[in-house]
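As structure tokens, here come the structures.
Look for chain A in each of the two complexes below; its partner is chain B in the first and chain C in the second.
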Partner chain A sequence: MQGRTRNIYLIPYMLWIVLFVVAPIALIMYYSMFNIDGAWSLENYRRFFTPVYLSMTLRSFWYAILITGFALLIAYPTAYLLTKTEHKQLWLMLIILPSWINLLLKVYAFIGILGFYGPINSFLRIIGIGSRQILFTGFSFIFVAVYIFIPYMILPVFNALEELNPSLVDAARDLGASPWATFRRVIFPLTVSGVKAGCRAVFIPALSLFMITRLIAGNRVITLGTAIEQHFLVTQDWGMGSTIAVFLIIAMGLTMIMTENGKLVK
Partner chain B sequence: MRKMERLSSIYLVGVFIVLYAPIFYLVYYSFNSAGTMYSFEGFTFDWYREVFCDTRLFIILLNTIVIALLSSAISTVIGVLGALAITRVKTKRFRNALLTLNNVMIVSPDVIIGASFLVLFTMIGINLGFGSVLISHIAFSVPIVVLMVLPNLEEMSPTLIDAAQDLGASRWDVLTRVVIPYISPGIFAGFFMALTYSLDDFAVTFFVTGGGFSTLSVEIYSLARRGISLTINALSTLIFLVTLLLVLGYYIISKQGAKPGKAGVRE
Partner chain C sequence: MKKVMQMFITVVIAALGLMYLTFVLNSQQGYSGGNTLTVYNWGDYIDPELITKFQQETGIKIIYQTFDSNEAMLTKIAQGGTSFDVAIPSDYAISKMKEQGLLIPLDHCKIPNLKYIDPRFLDLPFDENNEYSAPYFWGTLGIIYNPEILEGMEFTSWNDLWDERLRNEILLYDSAREVIGMGLNSLHYSLNDTDIDHLMEAKRKLDALSPNIKAIVGDEVKMLLANEEAAIGVVWSGDASEIIGANDKLDYVIPDEGTNIWFDNIVIPAGAKNVEGAHLFINFMLDPENAAQNTEYVGYSTPNMKALEYLPEEITGDVRFYPGSDITDKFELYENLGKKMTAYYNELFLEFKMHRK
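Right, the complex of A and B next:
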């Protein structure tokens, strides 16, 4: 009896897994072994390890690290202060609300804000620095990406802070720990799982976003995502695109393993 | 201590302003008659009129809504079946394997999903367009539905099913009269998440949409690449309002659904 029901439910779901999770990844790996002429070779992998692609990859990682770092730097205090407010669920919802709005629209807004005649440049003119090109630089890319990702970092950190037993903080204070020592030795170690979850939610997309780089950074910043999009949709070199995708998948796997540890310890 | 409190509220308010500023910036300039995103000249509804008169845009909007509703309905069905299947799997290893594969799809970057689906559709020979976009939206919404429904199923006491069976309910009755009503908050949350995933998606659609078919996100992207046009501002104001209503509606309904002791009770 039980066996038959189990099979019935499993059929559509397994079909979905095989078709849309296993097959696409397998196909990407398969395609990565064909060069642009459609011949079987490992040429793409050799090309990936040439300076052009390696420096692109390293720079993409560096940008992702910066974005994750700044997002954490802003999000952690925000989440902490949120837990101290009255009506914190309402405040949290207000913080999360902008993340429901279509990503493209927010990015589009920054084309105006950071533009040559936009408010930021007017402000710079007023305080005497003078207007400068902000759009289409690495800075604008990091700025907009951090803006986009802040809510995704706040949420897991907030949840971790909520789970923290407040009597532990009181105990540390009673035993004479300074606020900084309390934070460093008690609060932060106990909320590391939330930080890890937040970093995972930010780091992988930061490596792979191609729309922000195109709209905000011009072609100044090329992330792994931009490179994949370029190879698939512009130069039609699916083999090389797949090879970069394979490395992005590896990076994703490593990030997941590294951020998973927190849960095991807990 | 006072000073600390004031500092912390300044910090919070600052974060709020930064988070909302771009949205209100867009809304503000959507009424600008000058046609630029700087120097406000005069108040106008012209850009809104343009949005409503543009038949091409209207068709794209319809496409987006049809894709969102269809894909979230179908992915909810598959996702609920998937969650039911996972809870019924007894071997721990198989169960973990299923959950891992489910999560792979959730953490996969959009670019990877988009590129790999493009390869998949070309291999199978599915034409790029409405069909391919719909299939991809269903595919990437399934795992979130599974994750939303699973906790509800796991907290459900097996005695409920035993009791129903003892009272002579058939398996179909157990499913439709006991299990589904019990997990309905999860199903509803899953459907809503699938809806927002679909409405929000840009990258995957961008890869698998052919020349002829477009959704709102893809259209906004191609417009924005050409530079600033206040029609986008007007459009985004409208989208902002709809999003607000959706989230608010979801919040109210989920508050009602969360009331304890009501699961499975027919009124």
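Right, the complex of A and C next:
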């Protein structure tokens, strides 16, 4: 009797997984097998290996790596300093706060901030550098993406640093390790799980970014996400859109596996 | 388990109760069957006073819903979840809807005001004899520029955009048909060209334009140009009149080589519940005085010849938005190129967007 009740409670979760995880992926695979004429073929997969899509894939990866790298570079010291402050929960909340605001709203605000008549360019004019184009460049794209993703990097790193036993750091220092050696040999290896979790939380969504490629980068940066959007909404070529999505899923799976292996802490 | 069932039943009963309640409330307010009219239109694309006027004249309540792209509208009407009595799609969307059997033919006897429409804008390829649609607004694609920033540069041709002085100044729409079409037009080819060599030539020509392009964006184009973030844009005449309304330094030109002409027409989608009311509404919107009032509010070009008489000279005399028939004859409608060709246009456009400066 008990066992049966337990199975009944499982039903909602199973339904959820089947309907919202398994079925969509199966549908994407299914659609990717149809070419534009609606005929069954592997043409889309052949098309994916043409220079256009390959270079798009490379660029998407390159930008996602840059975004993840910069986010980590900023998030790690921030998280480290946070653990040293007195009211860490308050500071943490202040850093997380912007992620409560709608993404689109933040992106629109950046159009104003980075614009030719925006505050950044006014500042550059005042200090004599002179105004320059910031909006619609690769730089603005990475800048805004990093800003958006930073909270997702800080949180896991912060948690890992919090779990770190301070006496280990003290022991390293007592035994004569320099601050840099302490960081390299003790602190970083013990928090690498947090770093990996953060990288996963940033890299995967960064790979399929699409809206800010138009709004902030003015389509001067084209990622796989942009191509998917165009194929579904404009071309109505669901097959090709799905094929790109299949490759994104594979890429994400690989990322997961790569960051999963060799976990050092629980 | 018992509890789960109880909850389930409660939810079902609550849902049925709410459905009954909305039905009762709607019928009390007179929102039922014969005397409501669901209008499906672009955002801010009708003078709200006309809705009030129509409700007073006919006693029909209007339920007004909006969409932001033809594709979104098509999907919603094809799904059929909500029934719309009147919709206002663009030309190519109308031919698609016709193909898919999503339109109800118009009864011309019930729309006598159709006689006021300029014959130039009737009986067009996307809807021959206006069997399914009546013109609402029309416009062109052209160049909008800021003479102040560009120090008196003048534009008469698409080819002027390739000028070296325009480094990093041009804004384009993120739309394959418009951008590839511009390339084709600049080479004096048809906007509906399907010759692969011509298309490749246009693509190469567009690649050469790359250094001059600041960004390829959507609706933000209006804000960016009005705020002088960029000096030139290739925009729809409707957007152009909005931008000029916000910043009157800007000027709009239709290039000599010709361009695209577009229409937004009123149709009755399949599944309409109040076909009678829909005809009343279409006739009401085509009434010259109402059309004139609507034109002043929306700022797009009206196809209603008689309405022009009610509009001030400064609007109707503006050849940028009301070009004569000698000029409109050179304009081309977008034809439905079929899925395969549309995909090819988009592939070229994607390659163009990826082209490095």
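Just so it is clear, the second predicted complex is superposed on the first by the 261 of 266 C-alpha atoms of A that agree within 3 Å, B and C clash if a C-alpha of one lies under 4 Å from a C-alpha of the other, contacts with A are read in each partner's own complex, and residues count from 1 in each chain.
Convention: contacts are C-beta pairs under 8 Å (C-beta built on N, C-alpha and C of every residue); 3 or more make two chains touch, one makes a residue touch a chain.
Everything quoted here is computed from the prediction, not taken from an experiment.
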| item | value |
| --- | --- |
| First, second, both or neither for A:92, with chain B first and chain C second | neither |
| Partner chain in contact with A:13 - chain B first, chain C second, else both or neither | first |
| Contacts of A:111 with chain B and chain C, given as first, second, both or neither | both |
| Partner chain in contact with A:233 - chain B first, chain C second, else both or neither | both |
| Touched partner set for A:220, first chain B, second chain C, both or neither | second |
| Which superposed partner A:147 touches (first chain B, second chain C, both, neither) | first |
| Partner chain(s) touched by A:242 [first = chain B, second = chain C, both, neither] | first |
| Of chain B and chain C, the chain that contacts the larger number of chain A residues | B |
| Which superposed partner A:136 touches (first chain B, second chain C, both, neither) | second |
| Touching partner for A:37 - first (chain B), second (chain C), both, neither | second |
| Chain B and chain C contact sites that coincide on chain A, given as residue numbers | 5, 111, 115, 117, 214-215, 233 |
| Partner chain A, residues of chain C touching it in the complex | 1, 4, 69, 71, 168, 171, 174-176, 214-218, 220, 223-224, 227-229, 339-340, 342-343, 346-347, 350-351, 353-354, 357 |
| Residue ranges of chain A in contact with chain C within the complex | 5, 8, 36-37, 52, 55-56, 59, 111, 115-117, 133, 135-136, 214-215, 217-220, 222, 227, 230-231, 233-237, 240 |
| Chain B - residues contacting chain A, complex | 8, 11-12, 15-16, 18-23, 25-26, 29, 36-39, 78, 81-82, 84-86, 88-89, 98, 101-102, 104-105, 107-113, 115-120, 123, 139-140, 142, 146, 171, 196, 199-200, 202-203, 206-207, 216-217, 220-221, 224-225, 227-228, 232, 236, 239-240, 243-244, 246-247, 251 |
| Contact set on chain A toward chain B in their complex | 2, 5-6, 9-10, 12-14, 16-17, 19-25, 27-28, 31, 74, 77-78, 81-82, 84-85, 91, 93-95, 97-98, 100-113, 115, 117-119, 122, 147, 150-151, 200, 204-205, 207-208, 210-211, 214-215, 224-225, 228-229, 232-233, 238, 241-242, 245, 248-249, 252, 256 |
